[in-house]
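Once you scroll down, you'll see the structures, which are given as structure tokens.
The same chain A turns up in both complexes below, where it pairs with chain B and then with chain C.
After this line comes the complex of A and B, so read on.
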């Protein structure tokens, strides 16, 4: 990891435009979750937990702050910025890993702030209605929060490492595949549910292998309580994170960054 | 110092780790598909039976219906994935085995009854899906694709909603003993859950008085009065249904209650106030006056969600008055 890039990137994330947009989103999400926590049913608590520790916040925040194509708060062009960085002999993998770790740290910070705000709001609302706010923080939530952050940030680092036109195609393809999965299967928990005899086993295995590349999230509750082989889910998750980082490094290595290109 | 030409090399460790993990992942997937034995079915499904509307044991285990279409191989596969995704979770399987009666209902071209009538009665509109009902077929909850964790929460939610639903169904059957038992259970299991309506204490106290338990009826109303958790600035000046509680506690007269129920564009105040007045008069032995008030409540609304009118119609039937029958569909639409 490169310390200079880490500090510079972190400083860039705290730009006022990011902070302004982030605060609005943060408040909106916290109010929603805080209200959900005060409604005393298992379903609302679970909805608040999914909202706080599920994939939504990691993918939103990481895409907002990491991807220069989407939100470059300093109005710099992608190539110009990277040309400056790579005028120094910095290894591309080091840049990718640093971006990933910086992004993950920032997302975890936002998530922590979000959880604290939600608890604060639920305590205030709970005091009005004499309701004990529901606790959504448990071991599963913490593991899911950290792993979802690392997974989705790796995906966004990979997407943002590409030139803008390719990145747009990959994002659209990803969105389409996720939509297809959500529409047909519902959640990523389908991964270890495909031992079906009615369809060809070859097709099943290949489809599972291919589609699982797009499943970045991690559901620790599903993995721990599954009657099936949980090691497959863990391997798929780890493999995806390393795959995205390797692909990002590969793309960055093949791209050329010169001032003359800008 | 790193040589400029070497900055764009991919580290061998990263590449090796990536390839190794991909091979391991492929091995796990292929092992799971070809060699791993499918886990034993965690749940023993029962065969579907027609709904018995006359059942009165509403607090016994609720029924969990798993509806799926069986017309084509794709639908079969979808149902398998759905079942495996939700019911192979050990915690979900344990909860279903302990607390529900699981029934699997396949909808296909060849079979007709009772699967089709079950789907029609419960208004099943998407497949696969899960419906949870009381033993008499009254719907509690319905859900389709969910993560197993959310489904576990959904099952717990259905268990909380079961007692207030059973109490409501008991009131429609004028089964006061069962209503008291269900309200007691609802309060004990999950006091002030969102499934306990704002008027539940009123109904509970009426049921208790029909069971000649005046002391407890008063205690229930006073507790509701003391422990109401809605802040005053939200309740507003009218603070409905506080006037009904005041009337039942003898603090105001029927005329005063009627006056307080005037601002009522959707007739829900009229339905409740007249039902309360009717039941109170009936308990005092004033049959004719009670029938008059109950009729006003019964006619206030025919909407399926207007419970007070339904309870009033049930009471009128019991008293021998001519009242139109409830549509079965109206009970079941309450899930939407």
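After this line comes the complex of A and C, so read on.
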């Protein structure tokens, strides 16, 4: 890992504009989660659980991509600044891994803040309405939070390693796949409700396949409590993270950094 | 102001390691480019076409040529920022993308694009760390000296986004210095700079030269190049047309003044010069500028001109050799383009091919 890249990227993430946007997101998720924790029904507990990290991880990680542009007032040509960075003694893999770890560290720091804020808010609201705040943070949530952050950041590092025009295409493609995934799951549930079980099963299988290939999320509760030992889930998660980081390194290694005006 | 700058630069210690390494690797050229081919758009645009280049250690080497000649591409290949299609680039005997090469490389891009949210001091600290120099005992002092050398010490805590173009260029030069390079690639270092800034670049180049640091400069400021550089290469259409020492070129341009202000016809003069290996660079009612292949050809040229009954009042060597060479090379290019386009062709060597009032380099301005 490159110390200079880590320290200065982290410093850039803490630029006041980034902090302002991060704080708004953080407050939104923390207030929602904190309020939900004070309502003692299974449904709200589940909602609180999903609000603990659910929306924050993808939003924060995605934000890491645009944060350099937000922090920099000057518009930069693709690859212009990287040409200066790569004229220094930095291996491309080291750059990718450093960016991945820096992004993950930043998001995990924000998430830790969110947990503290959520509990603070739920305690205040609970005290006001004389309700005992529920505890939604368990071992599963912590593991999921860390692993999902590492996974999403790997994906984002891969996308941001590409030249901007290709990155835009990949993001669109990815969005389409996620849409397809949601559509398949939704249709499968509907068909299931109509008792068209075989089709529903097939669609669910397709959804699972898409999920395993393109998603970098992890559900530790499912993995631990599954009747079969879901080694495949763990392997798929790990291989996806490794795959995205490897692809990012390959893209960086084969990319050209032309910095001229004409 | 300039003397203060000079003393700051003298205080700056790029030297020790560079000088020590210089003695070690005396025989290995600093840069060796062999048969370099680089094309874009799947081979449709050939930016470099079989470039061969050698830069010795301690040289202040200039790359000159018209816009789109391939200078920046060549620099990009030497920095391993661009992948070559054919040929090889070696820096101090190692491949250009070797990590050891980058440890001793300094680079100033054509258009400085820095982290605008940082201030100058942070930016230099960042690059010092990237270059692996932050653990040096003199790290903090080096940053201070670099800022003094480029006269940014008073604005070192100002955010980079508030810097002017010239200030960014100065910061870029400071960034090169803090890495304590053995070889520097400076792409248009004087671009956007005021006259004191240009003077500063010249002082810096002289300082690098004294310290044995190899510098490759890409610039359109030919007068600056002539003053500060030791050797140069002229690139045209992706090929190296000329590669020699500045002093050699400066003494190869002759000016012949016509007796009685009567100029010979361009065709007659061209024919005479063809006999003795000279090239007509410019012709008017008062004089002609003649580029020699070799300084030794001067007597032959005079003899030929006299033999052809061309009356000369005075003949002398012009010191403004590089800009004249640039004119000749660019006008050659235009003539060859014209002759390809025109079915009748045109008179070689005649500047009268150009529209009235237009010099051969009028389209070859700086980027």
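Going forward, the second predicted complex is superposed on the first by the 206 of 262 C-alpha atoms of A that agree within 3 Å, B and C clash if a C-alpha of one lies under 4 Å from a C-alpha of the other, contacts with A are read in each partner's own complex, and residues count from 1 in each chain.
Rule of thumb we're sticking to: a residue touches a chain if its C-beta (ideal position, glycine included) is under 8 Å from a C-beta of that chain, and two chains touch if they have at least 3 such contacts.
Since this is a predicted model, take the numbers as computed values, not measurements.
Between chain B and chain C, the partner in contact with more residues of chain A is B. In the superposed model, A:90 lies in contact with both chain B and chain C. Of the two partner chains placed by the overlay, only chain C lies in contact with A:3; chain B stays clear of it. By the document's definition of touching, of the two partners only chain C reaches A:15; chain B does not. Comparing the two interfaces of chain A, the one with chain B and the one with chain C have residues 86, 89-91, 254 in common. Only residues 1-4, 6-11, 14-15, 17-18, 21-22, 24-26, 28-34, 36, 38-39, 42, 73, 76-78, 80-82, 84-85, 88-93, 144-150, 152-154, 156-157, 160, 190, 192-195, 229-231 of chain B touch chain A when the two sit together in their complex. Residue ranges of chain C in contact with chain A, taken from their complex: 67-68, 72-73, 76, 79, 81-83, 99-100, 102-103, 105-107, 109-111, 113-118, 122, 126-127, 129-132, 134, 161, 175, 179, 185, 187, 367.
Chain A meets chain C in the complex at residues 2-5, 7-8, 11-12, 15, 71-74, 76-77, 80-81, 83-91, 254, 256-262. Residues 39-43, 45-47, 50, 86, 89-93, 128-131, 140, 184-187, 189-190, 192-196, 198-199, 201, 204-205, 208-209, 212, 219, 221-222, 225-229, 231-232, 235-236, 238-239, 242-243, 245-246, 249-250, 252-254 of chain A are the ones touching chain B in the complex.
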